[in-house]
């Protein structure tokens, strides 16, 4: 009942690294405001931004066996993406698995469940985004799937898609759209530089974006405050 | 259907700054244990304490248009207080809006929804208390209200009221009560210094506050533990 | 209606300190995956690991009176464990109570409710694990129990049991099992060192733990990805 | 520290009863989509719709003393609206208090906390909307406020305002706006009858509301599904 | 690693049935406001009140194997009380297990996780209180404990204790305290009858309980509402 | 930016109706324990079981415009499945839309957000499963997608897939697997009849499923309870 897909096609790492430089919010905007994982996915560290290719892993509740299976399928540049088949916050992942993944060039972990050994993970420099921090141990009894499509924290992830993660959360970009999203994201970023300078000089967004007419048309009125 | 009140009366900044020095817990106690925003309002930074005058802004779910309108109404010393008309955790606010608010002397943001670009906001030194960190983008289609009374995270906030925020959360002080609260808060703080010294010397609160009689009267009994 | 047990038997501090060195995840595993407090118990600081003997305190909702009673029962090496008789997130605990506990050698606080003055608590070096940070004040009207058994964040805690707490959460070890758990935990840790080295060298868990046979037997199959 | 306002002005009961006939969703729309209490306020019965004048009551966490004070201030046509000064789900209210309120002509209860004796309350025909059902008992030690403005489940409620409640939830209408809201709500309802008939006959909302042009303008495109 | 205790002592069923007649709220009050399970434990049916002796069962997350073990230990008059070793909302229990329990005289189920086949369970008249309704299936791989003490929904339950459950929730009464609690509960109920009659006649709780003096002493003041 | 796919292939209604007869729990088991929507999806009615073909609709937060677009794409036998592009609990759907869908033969609604007019919907016999009941109104400003794949309450749904919903929740079956799942589900159901009879006669699952050996092997031990 468990399936492992081998030799999955991955997004080119040059594109992946370009998306990392843009960050989650910009990538999300550039691809039409889709692909975000749920807001409950939080980093265990602060100030880290990574991107990588999704190594997908579906596990049973309270059972981390398939993560060991996933390690063998990893390639440098991957990010491990784990989702339980029903909601669970157990501590599926700790410093030993991180040691193993680092040895295979995996860049980080996206866990729609729980992790532990978080102090060690921070010390090792292995970045993690997770639903929960919980020391509850897991068993190794049930097989699941590796490199099959999964729903992780409300987002649909295919093996080989791009994962971008930073302090704002996590976003997935489809492999076939990644090059286009990178182009749009860079254009967006270039455009923002000019606006930032004007806003920093005190100019109003109302004027820069020419909003006053549409606001009035939609019914915005101004009142002078009565003395009180 | 949207209203912007202009030239709102604000609490005097000298009082505001006095309240900042006291912090959230002391101010909350000094005004009779009222005015706290819900416990889910958390800072995105650590170790920052600010106070300012409330610049209120009611937005639609998933629509941050009115924040641009609010910037124009801001004055140095304000804190922007944003509340959606129905619950929403989208990322209403990022580094561009922060750049604009800093340029106008606004001291921070209280967001009963979501923010993004949190790493940038920390780098810029713009303090934020928020319900969620979420990169989900917003639109600009619906008008709302600026400087009208709002309910933010369960507390009623009038434009020009005082907002105090630190690692413990956020509290609002009514403009007309602010001077009195400052006086009471300072008295409270002075009184605590002596107690702190006695407690640090090992004296018991039971004795300092003379609690033993009332405890016995309310039925407290002491048992010597049986050997086990 | 309130009871205070005096002179409770406590776990030997040498055992306690040994357990602190192992940390929450290892202790939890060593005692057969039991005793964890709920995942919502989070530290207000990062990178701190402590252990101590449980000083238990049951309080009423919104009433912190019994914490003052508990201080008198404290001994050096204790950790204060507070649980409300019905769920509550008020700020039961702040810098004055911490000052008092430090003066009596108490090592930290486990609060299944809320705390405040968190910036001060961090500055004082008094470690806290809590359900909530909330400045809401409490009253002193109702008696409760000190050193009686309590359920704290879903775990059953007896006075004198061992509490271990770090970035991963909080675990309780029964006094009568503590010596045995320490022995098992040390054995476990010794065993992990060798595995860590092999994993760091790139060896797979699949091989180290000899999992391939059982995986196949439970139905795991490998597919080569079709070209796409 | 507790205040009871006597002889509060109430909305005329003829208007109140008119609003009851419209129901929560229509009243909410008629007053410009404001005034809803949070979605967590659920009825303990099904199929009941009431309206009344708000009898406001602020209680301490775990303390229902002020509800007894509120009963004395009640008038026929009132709905009791209770809000704790910090979040609490204790069982503030049961069949004895309901017996008392019924004797004074109070029409129901809106409780931003917990109730108990729910089977009895249903048998007595006393309607309740509440955050929680929980048998946890409360004490009588702390004074609060009656007929002062409160924030209940995220909405600001003044004594004498109109409360409308049904299976969809609870909405508050300001006393000074109630007559106008009633007029608008009735107009809205009249207008819906025609639309309902056309929709029931199979006509599309796209055509009735003339939406196709604006949809195309905002970028909606139609694709014929490829064979699969 | 799993333990089954056989031939556990149970509370006398005459006492159990006496407690059923009182209901959850009264029993909870009669034993000093303790023993309630968390408010999230809700009945899947309405209007049912039962009591029985606790048949305790600790299961692993996503694994219902031990429930089959528990059935063999059941006796007529028991209520099955199930708690997972870490939080889980899977559907541990459905119509087949209910069929089996009914055959052995078990009176109902208290599940700190999820159940399914709820329509069938209602049709069969097998009452259930649960944290969740969820069809997610479970496996049978890991042993746990039967008739050992457990923490269920925040309450400590020993095998043979009394469970009382109705529309208000669930309460546990220790076996050794059950007779005394029954006596106190009956006294409490007798006392309430008189009060109910006086309240129904319109008399105020303020007068019946003689509260006015203490309210004034604690600072309650009355204001006549200014004209507005 | 919005796309509507027309003429989507749907699962044969004979298969759909066969799956309805099995119910959610059996269908979920028959397809290998996958496809369940999150446990927070609850029916607004009790005792109803339906199945239909998914008519998918992605909406913006607080904006129900696309539901009107979806109606035109509906065919008899469809179930409307709505998911917001970011989490939202507004009342997207009420009696007018239900009137329109009924006119086009749509069998029910699966809403990963909020609905209103719930009393009317029950009266009309239009079944709904929803995340929330909330009267909050929505706007019509932003286009989205109809009949494109969506993630709804954590499950991936393609247009034309089968939706089965009853008191236990909601499950999706892929169109290409539906016939096979129906076959397996019927076999499963036939097999359960015999077991039900044996369990009703008092036979133990331990014996019927032959569990004793595996339990002992996994370490289950039996203790006779010490007298107490």
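Letters A, B, C, D, E and F mark the chains in the order given here, with residues in each chain numbered from 1 onward.
The rule is short, and it goes like this: a contact is a pair of C-beta atoms (placed from the backbone, for glycine too) under 8 Å apart; a residue touches a chain by one contact, two chains touch by 3 or more.
The shown structure was predicted, so the numbers you read here are calculated from the model rather than taken from an experiment.
Shared contacts of subunit B and subunit D, meaning chains that touch the two of them, come down to C, F. The fewest steps needed to get from subunit A to subunit D, moving only between touching chains, is 2.
Common neighbours of subunit B and subunit C, by the contact definition above: A, D.
The interface in B-C, E-F or C-E that matches B-D, meaning over half of the contact pairs are the same by residue number, belongs to C-E.
Of all residue numbers seen at the subunit D-subunit F contact, under half occur in both copies; the interface is built from largely non-matching residues.
The distance from the centre of subunit B to the centre of subunit F, with each centre set as the mean of the Cα atoms, comes to 42 Å. Inter-chain spacing, taken between the CA centroids of subunit A and subunit B, is 30 Å. With touch defined as above, residues shared between interfaces to two or more other chains in subunit E number as follows: 1, 33, 36, 39, 85-87, 89, 134, 136, 141-142. The full set of touching chain pairs reads A-B, A-C, A-E, A-F, B-C, B-D, B-F, C-D, C-E, D-E, D-F, E-F. In the complex of the two chains, the subunit D residues touching subunit B come out as 1, 32-34, 36, 38-39, 85-87, 149, 151, 154-156. Interface of subunit B with subunit F (complex): residues 60-63, 85-90, 134, 136, 139, 141-142. Within the complex, the subunit E residues that touch subunit F are 1-9, 65, 68-69, 71-72, 89, 91, 94-97, 99-100, 102-104, 114, 116-119, 132-137, 140-143, 147.
Touching subunit E in their complex are the following residues of subunit F: 24-25, 28-29, 33, 36, 39, 42, 46-47, 49, 166-169, 171, 192, 195-196, 199-202, 204-206, 209, 211, 215, 218-225, 228.
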